[in-house]
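The structures considered in this document are given below.
Look for chain A in each of the two complexes below; its partner is chain B in the first and chain C in the second.
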Partner chain A sequence: MAEEVASARIARSESAFWHLMKRLFRNKAAVFGLVIIMLMFLCAIAAPLIATHDYAKQDLPSMLQSPSRAHLFGTDEFGRDIFSRVIYGSRVSLKVGFLAVGISLFAGLLLGSIAGYYGRILDSAICALVDIALAFPMTLLAIAIIAILGPGLFNVCLAIALSSWGSFARITRGQFLSLKSQEFIEAAKILGYSDLRIILRHILPNSLAPLVVLTTLEVPKAIIVEATLSFLGLGIQPPLPSWGSIMSSGRSFLFDAPWITVFPGLMIILIVMGFNLFGDALRDTLDPRLRN
Partner chain B sequence: MLRYFARRMTFLALTLLGMTIIIFSMLHLSPGDPIDLIVGPNVTPEVRENIRHQYGLDQPLIVQYLGFMRSLIRGDLGQSIIQHKPVSELIAERFYVTFELSVTALIMSFLIAIPIGIKAALKRNTATDYSLMAASLIGISMPTFWFGLMLLYIVAFKLRLFPISGYGTWKHLFLPALTIGITDAALVARMVRSSMLEVIRQDYIRTARSKGLPERVVINRHALRNALIPIITLLGLRIGWIVGGSVVVEIVFARPGLGRLMVDSILARDYPVVQGTMVVLTTCIILGNLLADVLYAVVDPRIKLR
Partner chain C sequence: MSEILLQLQDLRVYFSATSGTFGKKQYIRAVDGIDLEVKAGEVLGLVGESGCGKSTLGRAIVRLVEALGESKVYYRGIDVLSFDKRQLKEFRKKAQMVFQDPFGSLNPRLTVGDTIEEVLIVHERSIKLERKHKVEKLMDAVGLAKHFRNRYPHELSGGQRQRVVIARALAIDPEFLICDEPVSALDVSIRAQIINLFEELQKRFNLTYLFISHDMSVVRHISTRVAVMYLGKIVEIAETDTLFDTPLHPYTQALLEAIPDVLEDRDIRRRILEGDVPSPLHPPEGCRFHPRCFMAKERCSIEEPPLIKKGINHFVACHYA
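What follows is the complex of A and B.
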């Protein structure tokens, strides 16, 4: 009997999931966005196969060459192949994007759950903290934090996470507040379940939809902030090729070799657009209330 | 009304307090002994202790923080380690450069975004709407500094319409302001569009239409005015983003503003200057938000009820 109920529940949730998927994939923008994201992942994973040159190999005789058959995106001031550097750069962007948003999601979930579930003074304190964190622009806050931590890949992730956890906390808290008073949570409490079990097994799974949407829309922001920090010389340090740091050195040669700057920027537009298209479509599908 | 402002002011005071704590921590949380930043590593321990005492770095952190706040309130931001000048003097020299850029960019952004957003909303689900929103999507996806570099290359270098870098005339201001204005307008246009769509759905618009008012009057007199109210709040929310953008765009166009000063000082580990610029920038953002709140309350009579 219990098994039957369980399997019926799984079947129903699966069909609901497939129903959502079907609706999502009927949306052309979503499919287009997803294709871009998958191509970027392919780029990052298969970078050694796609790259035509060693991304760090200097070749001074062929420095600052314009795009050609030998160097698809041209070469930089050390004769390094921009195409190969841009391909490898996708690794840094995706790594930072997901790691930073992952940390941010974790912190936001933790603080948002505490605020939403326990309420009272903890809630007021966390809410005030969130308001303060969100009152400042991400770039400026990230620069301030990098000034403390110093540059480097992990510090960049930490700086981005510290300046973007607020939105995750706010959404989580809102979900908790609306779910907390529902009957199935009351029932779980009466059954004597521990707070942790109620939070992890009953409330969180029901608040996933808006968090998934927010994650998809925060990753591209993180990618842009990383590029900006690296462009300012405060982010990823050479020789690791990040799109931002390639453009940072390209700036000095902008008028002689614009290709150094053009191509990494186009890649950022592409990947950010992919995430934005997919995220917007996901929001429309998962949370029709937000559609306008 | 008064309670609303009391609440806003408390929040703003808290925000400023939080930010000063982060900014104060800069010197102390950064790796290494702060003394190393003031003097070189090869001085005798006695000299180090003297300097530690002279700068008050031997006091407990809380005492140091209170001292930091006390001098902040007096407008004393300390001394630059590298340039040996008062930080407030360095900032005063550059403040206007950033201020001028941010204000111009904000105005440009709204001048571009409001007509586009309204047009898109009125032509909802037509080719016009789709192409405007596609353009806005590309704008949102662009890093601001990259767009600045592209404008610099095409408009200033190839077409020679504007000077490549520097500061002084409106010609020096135009491209940097346009860079921030367009990238910001991309996002604002979307918000204007949804605000306008929200208003068009309201009952009073249906009433206006059903009593036979011409469409032009319905849009201009009824829809537009109400759609613009939330946009004032937006104005406040965008100030922070615009100031952040100015910091980055100053680097691209080599404008001698606060952003340049801050980034150069971070790279040179000149912490008092970093702290000073941060304090000034965040205070400006907070004051900007306050200004937008006041405007909002003045424009929307409903706010008085809260």
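What follows is the complex of A and C.
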């Protein structure tokens, strides 16, 4: 009881943000997810230090070797070290994940804000656009866009962003609609504030929570789509290693050299699980109905 | 007497309530033809049940909701409804609004100081030090201690929040304040403090209030004149004492009898209004109050009574008053 009172007092004196962080870190799944994400970032940043071999160096005499002390994850059909390729592959996945979601977040915020704030014909037009974008399966749309733009890291990001901005726009619009009728927005209007000021300073900061959650849940989706595109040869081009392309190259040796496919596959599972666990926990923490 | 600050002529606000794309066009007549004058320096109380359109009336004056075409709102003789964006911004420096819900009317992400200072940033070309000084002066005027400057709204009580809202409204030196049920959401003990604050500020800054409330005792305390609204129309308007001593409209009488009174004899049977306010989608024919009126006669359901002068500054819309 005394402890409860004490913790309540502390919570009040702290800012809401730290209070939230504390609740988040009490959630084991969130911590687990965050640890995975951190490890992946570490891999990507410190790739040259962690990798045991040059990821692109071919060593034909030692091709298709099973995992050993020299090659932790084995080698592929050109004798390249899978471990090093997988480590470097985390760079591609994280880059694509964040760049693609970054672009779609920006586009979604912009269009969602306009639709939610100004309403009427702009709203109808943007909503129709969102409906169209969301009606396509993400992967299929991305393939179609890559077919037009051509492969490459940035084009992959653009393709993913073009097929996923719709959900950001929709959430933003919803947030704007519910906040627009709040009295502090009406007060801001009467006080003569400009639309830009009302949107940027009064509505946006109050609508970020669900967008943060959506971001953490969209990043793994983007990573999967990138892996899919690379698997199909439409994404990252060799010799740059992407988990999807490594898996693709290993598919003809699936029975003779399964390690080529298994390790990058495990990494994809791990990173997606990390983001999803963290995103889910974040959503639960931010949802006031689940607070206790 | 004193100058007329605000004049409403046939103010109408209808909300479209069409169901579905091909549904029948319907309108909620929230405010349905109101003529009203607010004199400079007075406190005009506006009372009525929930849903009678009193808040919409306030919002229409500052153009938060748009009035119908033939409506006129004159502020110092100038037509507010014809203002463009720039003129509207100038007008809103003169007319401000205090809202009912002190929890919803402050941005939860801004501190008290930031909330008040933002008004100054938008409307004045002043340096930071001047603004800081003015924020402190405003906080002092509404009775907030200096250390609340860095507090967030969720750390404040309802009364303190309402003080912040008032300080924010006063920051652009308005001359006319629309108070939309400013004390209804507050505890009874805090209510008196805020009412006193409103009175004090009115004298100090020479303000004019349109004070919207459903609480008769609050309105009696603060108003110099009172208008009673029922279903989008004004049914009676008079000086405060006149209205409370000799109410003429049966609706006003019923409202006054509904005020609890500790000194009253238990034996007196109150006339309690039966039923709800009819839907503003389909207001009753004739006098809008006739379905609930204890004096209603046949004429009331056919002919709509106009607002007629019945005494000095006393107007009533009833055939039999």
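The rule we apply is simple: the second predicted complex is superposed on the first by the 273 of 292 C-alpha atoms of A that agree within 3 Å, B and C clash if a C-alpha of one lies under 4 Å from a C-alpha of the other, contacts with A are read in each partner's own complex, and residues count from 1 in each chain.
In this text, a residue touches a chain if its C-beta (ideal position, glycine included) is under 8 Å from a C-beta of that chain, and two chains touch if they have at least 3 such contacts.
Keep in mind that what you see is a predicted model, and the values were worked out from it rather than measured.
Chemist: Putting chain B and chain C on the same copy of chain A, do they fit or clash?
Modeler: Result for chain B and chain C: fit.
Chemist: Is A:224 in contact with chain B, with chain C, with both, or with neither (first, second, both, neither)?
Modeler: first
Chemist: Looking only at chain A, is it chain B or chain C that touches more of its residues?
Modeler: With both complexes superposed on chain A, more residues of chain A are touched by B.
Chemist: Does the superposition put A:182 against chain B (first), chain C (second), both, or neither?
Modeler: second
Chemist: Using the superposed model, give me the angle at chain A's CA centre between the CA centres of chain B and chain C, as a multiple of 10 °.
Modeler: It works out to roughly 100 degrees.
Chemist: Have a look at where A:234 lands relative to chain B and chain C in the superposition and call it first, second, both or neither.
Modeler: The answer is first: A:234 touches chain B but not chain C.
Chemist: With the two structures laid over each other on chain A, which partner does A:202 touch: chain B (first), chain C (second), both, or neither?
Modeler: The answer is second: A:202 touches chain C but not chain B.
Chemist: Kindly classify A:190 by the partners it touches after superposition: chain B alone (first), chain C alone (second), both, or neither?
Modeler: second
Chemist: Tell me which partner A:19 touches in the superposition: chain B (first), chain C (second), both or neither.
Modeler: Neither partner.
Chemist: Is A:148 contacted by the first partner chain B, the second partner chain C, both or neither?
Modeler: Once the two structures are laid over each other on A, A:148 reaches chain B alone.
Chemist: May I ask you to decide whether A:28 touches chain B, chain C, both, or neither, giving the answer as first, second, both or neither?
Modeler: After superposing on A, A:28 lies clear of both chain B and chain C.
Chemist: Working from the superposed arrangement, determine the closest approach of chain B to chain C, counting only CA atoms, in whole Å.
Modeler: 9 Å.
Chemist: Which part of chain B faces chain A closely enough to touch in the complex?
Modeler: Listed in rising order, the residues are 11, 14-15, 18-19, 22-23, 25-26, 29-31, 137-138, 140-146, 149-150, 152-153, 157, 194, 197-198, 240-241, 243-245, 247-248, 251-252, 262-263, 266-267, 271, 274, 278, 281-282, 285-286, 289.
Chemist: Residue numbers of chain C touching chain A in their complex, please.
Modeler: Within the complex, chain C touches chain A at residues 59, 62, 64, 88-89, 92-93, 96-97, 99-101, 104-110, 118-119, 122-123, 152, 154-155, 165, 168-169, 172.
Chemist: In the complex formed with chain B, which residues of chain A make contact?
Modeler: Listed in rising order, the residues of chain A that touch chain B are 128-129, 131-132, 135-140, 143-150, 220, 224, 227-228, 231-234, 244, 247, 251, 254-255, 258, 261-262, 264-265, 268-270, 272-273, 276-277, 292.
Chemist: Which stretch or stretches of chain A touch chain C in the complex?
Modeler: Going by the criterion above, the answer is residues 12, 16, 182-184, 186-194, 197, 201-202, 205-206.
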